[in-house]
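Shared between the two complexes below is chain A, which has chain B as its partner in the first and chain C in the second.
Showing the complex of A and B:
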């Protein structure tokens, strides 16, 4: 753990923050075009943490106390991990029309729409990062993990396979629609060496 | 070699066991592989260059355009899953012989096709046949659903068993109390019997003695020559207060007989109440049951409440009278407990709808609306810990149910509670065997 923290020194952290900020800018643009409305993306926060510290790190965010719908989208390639999207179950009807679903929101299309938003968010954020770092990623279909669960109930240390991970926290808000989604991108431990290499490569080129 | 590779790739696209469709930015179909041709029955030649949404109008308004747009804009992957959208294209289920779904269940992926400048020029739609998975998944869901149902049923049965067991315990306890009471009654009956006959004999003897004494007294004037003797007699009479003794003897004997009658009555009530030897369904007069129960619980009630009886005219009913008496006892004791200082308990009876009704009403503390629906539950009690088992009313409820009757309650806090029981005159004979068990 300390070894990982040492590796993730200030230069590399700055470089990654820069890459992510650019990626978020692009993602914000694309999402605004897609939804046809102003999209606010928070500046991503990084946490490098042990699985046992997970709830401690995450509980600093008030939004995580509520019961939420939790979805995940795995990604693989040189960077491996999962995007976890959290929806607080409000603004779903508005979102449906925004996403081009007509008529009444049924069980099936509400679920599909949340899955759409999950893969859009994960894709929008990661694709920007991947293209800057010249990495190719592949995505697996997203799934709904649970409805009506709090983050704390969901992230039980014993139910998580890895010990350490890098977590990137992003919040997306569609102000006009009272819609908020929090996203957590988990990068697995074995994604660290390639990520550090890529960051070093970028730093060398500066 | 490149040519060979390109031929192979083409062949692979054609032969792959999944649908592949390539769309341009206007949703026009650029490629429609063999899988799509076979399942849709539309050849690539017929469909090439045509708009997807015009060819398949049912896809409009289902969020698909946004999905495709997101792929173009974000270089994203978009998906549909059979779980939420069983199919994108309505293809017949290839498992046509054995299978319960009419249509092929599909998982679809929309992937970006990126050119050398990094722009998305086309979207590749792949369609996978997930019918098998879907069928198994649905079977599993059904199976787990029915397992869950059975589990819940078992849990319910378990609870019922527990309740039954507790009630059994309680009713055995009551039976034991009844037996004890009957035993005591029997034991008291013997001495009371001979004391009673002795007292009667004693009364006769004393009367006879008094007669003789009177006879002697009439002889007293004959003794007037002997002043000393008269003096001694007068002295003796005075010292025992003979007049008072005469008067009091009668009273004492009368009271003793009354006392004995009361003991006999109590013994009889105890016997009536316990009915240990009567575990069979018999016609019984409920007024008799009420009265004997009142006598048995008199101690609990007499300092708390005045009992008012509004007995109507009721026929005898077929019942297990010892169990019905238990119900009366529960209601009466509860009524007495509900009264804090002093109140009244009103017992009313009457005949209605081929049956008999009994009401026990008290002027006690009442039961709150929240607690009222729960009072017939086992272990539910409003009494302090240790004073009530919470089984009395649930047992009563079951006894009344066994008699195919009804028991209901009305209550208002601080005003009082009224229990209403209705029992049929004769419960259907074919149910008696079942009812006899407990």
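Showing the complex of A and C:
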């Protein structure tokens, strides 16, 4: 793990953070168009850790204390992993009005809205990353993993298929709405060498 | 005549990309800042003739820098270069006095085109 952390030197981290920042800008724009309101984007935070340290790393963010709805969108290709979208429960309640639903929101409507938003958010972000790194990725349809749970309850090391987690943590908030979404990108261990090659290529061109 | 330039971005890679894309005719010192507070210090200390400004940054973001410059009635031309490509981000930046807005990722020649349009070249 130390070796992996050392390999992700400051320049590579900076380059990856900027790639994700640009990709999230595109994802934020897609959501802003869907919701018709300004989406405030946080600076992406980069963490590289063993999955056993995951809760410790994520618990530093106050946003993860409350109960959430968690969705997953796996991807594969030259990089393999999954995007995890986390929505605060109050934000889920706001989705209906944001997306122009009128009347009672059924379980089916809510599910459809969450899957749509996850697909736009994670899809736009990954497309942005792929186009900048000049790689191809394919996506599996998003699924709702769980509702009404906290990060600590959800991320149990034994339930995660990866040994290491490279997490890009991004927060989106909407003005005038109690809506917050955090997105985490997990990468498989075998994705690190090709990713570092691509980042080095970008850095070499400077 | 551009005598000094300020490039503000929290990403070192982005600052390098901007500096590499500056018109070669500008043989002037380039100052760098990685957040809005550092940027304002350099503005007060070095009085740059043009600023290339990112929006999403720690400490003080680009909107905060634009607001501070507007409050000080500082007319230095500011060109925003941002990954936040929402229409509202563009409108806010222009409303706070930015002279132009370049979307990230920048295309080759974007900076040259904008500085020519602004009459800075």
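Operating definition for what follows: the second predicted complex is superposed on the first by the 196 of 206 C-alpha atoms of A that agree within 3 Å, B and C clash if a C-alpha of one lies under 4 Å from a C-alpha of the other, contacts with A are read in each partner's own complex, and residues count from 1 in each chain.
The rule is short, and it goes like this: a contact is a pair of C-beta atoms (placed from the backbone, for glycine too) under 8 Å apart; a residue touches a chain by one contact, two chains touch by 3 or more.
Just so you know, these numbers come straight off a predicted model, no measurement behind them.
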Considering only the touch criterion stated at the top, classify A:55 as touching first (chain B), second (chain C), both, or neither.
-> neither
For A:39, is the partner it touches chain B (first), chain C (second), both, or none of the two (neither)?
-> second
Touched partner set for A:191, first chain B, second chain C, both or neither = neither
Now for A:112: first (chain B), second (chain C), both, or neither, which partner does it touch?
-> first
Could you tell me if A:202 is touching chain B, chain C, both of them or neither one (first, second, both, neither)?
-> second
First, second, both or neither for A:182, with chain B first and chain C second | neither
Chain A residues in contact: does chain B have more, or chain C?
-> B
In the superposed arrangement, does A:69 touch chain B (first), chain C (second), both or neither?
-> neither
What residues of chain A sit close enough to touch chain C in their complex?
-> 10-11, 14-15, 17-18, 21-22, 24-26, 28-29, 32, 38-39, 41-43, 132, 202-203, 206
Of all residues in chain B, which touch chain A in the complex?
-> 60-67, 69-70, 73-81, 83-85, 107, 109, 118
Chain A residues within the chain B interface of the complex = 27, 30-31, 33-34, 96, 99-103, 107-109, 111-113, 115-116, 119-120, 123-124, 127, 131, 139, 141-143
Contact footprint of chain A on chain C as seen in their complex | 10-14, 16-17, 20, 56-58, 82-89, 104-105
